[in-house]
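Here subunit A shows up in two complexes: once beside subunit B, once beside subunit C.
What follows is the complex of A and B.
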């Protein structure tokens, strides 16, 4: 056995506290406190003044889980997440590979696809809302001006169309998957690809049978981040359809917001937020468990 | 024209003694605008040398979120504005009862300064029936504002009934298809406002009966008829479905830019009738007139739901309650009223107050303000909304408008939701 001492000495408790202390304090304040607050208030009937709450046991949860609008909001979250994941894993992947081939205008195209991800979602959703307005919106005005009046629709009024608009807004967020894939592509061992080309593999087959499986880790990251993003996508829905028409595009974020800001029982909003958090954590845990098992 | 006869006698009675050391009064509010508040504060500071009023002004939505938390956290606050309806109960535990404070520090008892009916409404908001807020005035919903120039250009008059409204819309559509006959937000909360206004046109005091649990139900004939009337107003083209994707701001913008002949909203938009208000807010309209919502139910008459708005209160943590009372009296019943009254946001609740000259630029505008004020002071029911339920009621209307769901099914659903315990009506 070598009696050489490691150059890296065992860190002292003081050093650990120095480096991790601020992070732990931040975590304690912003995560543990807020989660504790949600748990505490979710079992109470309590106003936003947070005074004189009444303990009501599981009543808030009973009301919540028997509300079809809440179930609809959770379902919508999952649908929007699924659509975003499918778009990320297909469109995002293909675009990232296409852009990595070094064609001209690559930087411009990167900017085009990444821009929606970098811009505030509230801004994008608000612009969509004005653009898609039925009577005076830019899109319908354009369609009417070129004689395509029959194609001018009530984009945000007709429930299926409004649902479609929100789906498109979620798909619009494929910039992040593109970024992840691009980073992974630059780290791939090109000899594998060269061998495939020499063996006569075509582009489609290389993408499907070599590149896609090679990026398993990135798929995992994209799936997880997209699911979690969909539960935080309040601004996309709030600023485009406000959850309407008649709750068609409601997601958990807008549901919690409605009850936390306009009602007198903040506890009900807290219960909703808590259930959403548990659902999101469960999905993330299941997904991690599943991918680990596969690998 | 009406004249300011006054209100200010009370101010004259107020002490003008200078404060030995500079005292700062922390004022939290969302209304009126900064310009108007600055004018009020300057006048108050002139009357009370040594007093500095520090203004904490917020946008309405942000105020609703932040004020209760600041109050609960013990932030420095001496006078707070309270949004009426549910907010009073939310924050009353952090406020001091007003009547004894006025008896001790005011120039007179509060019920001799502010209209008794407004004080009764203010008292009814607190679950313990105590008085915590001094209301600035009364507002209600829904009313309709018209671009008088466009009315003249199209040779139209203000529609008063469903048939007249149908003729009005048809005439606008025929003469100026580029215009929206009536602009309003089709957001769920406002459709609920419209349906409840129509319900009051039957004269049964529907909303009070359901709100104060005196036997009213959401599947009562008065509400069923109102629900049907709103849905059929859409299906018959009286209201355009294009309003369903307009938010509040956009619907107001269309009216102000001359792209709509009329604008339906709450009476808090009555500033549109005021020339100084239009000028100071650069609203490019020359003359606006208004009326109540046309009668949409058979045998009905114009009506409105109204309620007090903008209550001023003294928080528990106020350092100088005497000064807080002085400021509230100044703003709600004294010299401050004149400064904000030309916004026409509310009809002032100060006893004996009348509007100053120069607010209206036509007799028609002045007459229509009188009509709105008269409706507000003789409401069908209180506009003591249950905001979270309002969204559910509006969604039921939108669903019926878009999907043709039956009124019976929707109103029965609303009644079961009302009883569910999920909304703010449940104590």
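What follows is the complex of A and C.
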């Protein structure tokens, strides 16, 4: 038996090269080289031409970690992630449970809730932007046409309102939690639920006291993947408020983008990119560690 | 989606409350979409849509952006399917020291945000002379999707009956032949899932095209969202056309999401990680 197995499981070097070579090539260029290059440039003052930089030691990192705008971007990142998590665990959970009944038209409803998450974020955020523009935006025109002119606001210019707009956009992206809950709801053992229904428990109570605790693993998956997503949510902010007004809605993605693509010193952008990447990798390692232990 | 939890709501009141809740929320969720479509007709009606379809906007043809987006999506899907299925085979069937550590390292990179590797990508793209080449976008996209792809394919491959693979090996088939004739056909569902996901993620990608394509010929649909805004800026007349262009730019992504919804959801939930 062991002899048979070894036929495929003991690979020759040629096989290793054949099956892992392409992956290693991709990782070598896009992760290994890239990280090295980031480290290299993060200690320099270097222009976007990436030629003739001067080494300046830890200066970029010192500037970065004392820049209130960077701290603000990190804080916003966490706030927006927290908003998404809360929306996912409450609203997303209830929507998924409601959708799990065999009602007609549920596929259509499912698609409606999923679309904002699956469509290009640039597009969704742009649609919000044109809807909320103060002069010709749809919302303000509607308010004016029904005589509520005093309610027509500078949605994207007034800092607290702009912040609210981004929060709403993050809540709009609720598709992933719904997807996860839906998948797991169809996998749970229904006999517990049936017994509870027989005992006369109401739907709200069943959700709170039986279904929600049952989904513990799913909650964790959602929390961690939502945090990771918030590091990639560049488009949401870039296309709705561009991080403005005056940096109010900046997140790590837009901050790193700004300093990596313009200015006289992309070394500073590299330092910011590196810090954000390390944090994201640590969160991913945590997630992998937890899911591994569970299975 | 398949299972029916109808017994949860046997009381008519609860049924009505749940249905009302869902419908109202769904209406709220549809507001931006409906608004964009309605505003697309502003001032000139259908004219707005035909204008943006048949006339170039700032030298960019809308139809051309569809083509560019699809080419990149296909290349992205192809690279990920090929590289991840090869590595998935290795991780599922080979035994070697440090395999699980290597696998962990491969997976952890699924966290890398695209914005974090822009500076090195500028350098790589320039040195390889890939500017305004589809590969300048498709290759880094594939690199970012690969960790998830390997996870998806290996998870699926672990469920392939070993006896099938071993029987083929007993008959003297090489690993390459087993990969082609046994593994690929058996992993088809996972491969379809990862291709659908790759194509969807390509459609979502604004960053890479906007940084590595400068030629108007190469503009993708997601990238055009910004370019069109620059040309159809502020006059009320143009707002109708800009909204019309947003609706039309959604078409390629919408096609992939609607036709691939089943593969996209099962791919994402099977992976259990990534955005």
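Methods note: the second predicted complex is superposed on the first by the 258 of 295 C-alpha atoms of A that agree within 3 Å, B and C clash if a C-alpha of one lies under 4 Å from a C-alpha of the other, contacts with A are read in each partner's own complex, and residues count from 1 in each chain.
In this section, contacts are C-beta pairs under 8 Å (C-beta built on N, C-alpha and C of every residue); 3 or more make two chains touch, one makes a residue touch a chain.
In this text, all values refer to a predicted model and were calculated from it rather than measured experimentally.
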{"item": "Touching partner for A:261 - first (subunit B), second (subunit C), both, neither", "value": "both"}
{"item": "Partner chain(s) touched by A:245 [first = subunit B, second = subunit C, both, neither]", "value": "first"}
{"item": "Touched partner set for A:48, first subunit B, second subunit C, both or neither", "value": "both"}
{"item": "First, second, both or neither for A:136, with subunit B first and subunit C second", "value": "both"}
{"item": "Subunit A residues touched - subunit C or subunit B, whichever exceeds", "value": "C"}
{"item": "Touched partner set for A:63, first subunit B, second subunit C, both or neither", "value": "first"}
{"item": "Which of subunit B and subunit C A:270 touches, first, second, both or neither", "value": "second"}
{"item": "Touched partner set for A:16, first subunit B, second subunit C, both or neither", "value": "second"}
{"item": "Partner chain(s) touched by A:89 [first = subunit B, second = subunit C, both, neither]", "value": "neither"}
{"item": "Touched partner set for A:156, first subunit B, second subunit C, both or neither", "value": "first"}
{"item": "Residues of subunit A that lie at the interface with subunit B and also at the interface with subunit C", "value": "48, 50, 130, 135-136, 261"}
{"item": "Contact set on subunit B toward subunit A in their complex", "value": "61, 64-65, 68-69, 71-72, 86, 89-91, 93-94, 180, 186-188, 240-242, 244-247, 250, 254, 259, 387-388, 390-391, 395-396, 398-399, 402-403, 420-424"}
{"item": "Partner subunit B, residues of subunit A touching it in the complex", "value": "47-52, 59, 63, 67, 129-130, 132-136, 154-159, 242, 244-247, 258-259, 261-265, 268"}
{"item": "Residues of subunit A defined as touching subunit C within the complex", "value": "4-5, 7-11, 15-16, 18-20, 22-23, 26-27, 29-31, 33-35, 37-38, 41, 48, 50, 91, 94-95, 97-103, 106-107, 109-116, 118-124, 126-128, 130-131, 135-136, 138, 172, 176, 179-180, 182-183, 185-186, 190, 193-194, 197, 202-203, 206, 221, 224-225, 228-229, 231-232, 234-235, 239, 252-253, 256-257, 260-261, 266, 269-270, 273-274, 276-277, 280-281, 283-285, 287-288, 291"}
{"item": "Interface residues, subunit C side, partner subunit A - complex", "value": "1-11, 14, 18-19, 21-23, 25-26, 29-30, 32-33, 35-36, 38-39, 82-84, 86-87, 89-90, 93-96, 104, 106-124, 126, 139-140, 142-144, 146, 150, 162, 165-166, 169-170, 175-176, 178-179, 200, 203-207, 211, 221-222, 225-226, 229, 234, 236, 239, 242-243, 246, 249-250, 253-254, 257-258, 261, 264-265, 268-269, 272-275"}
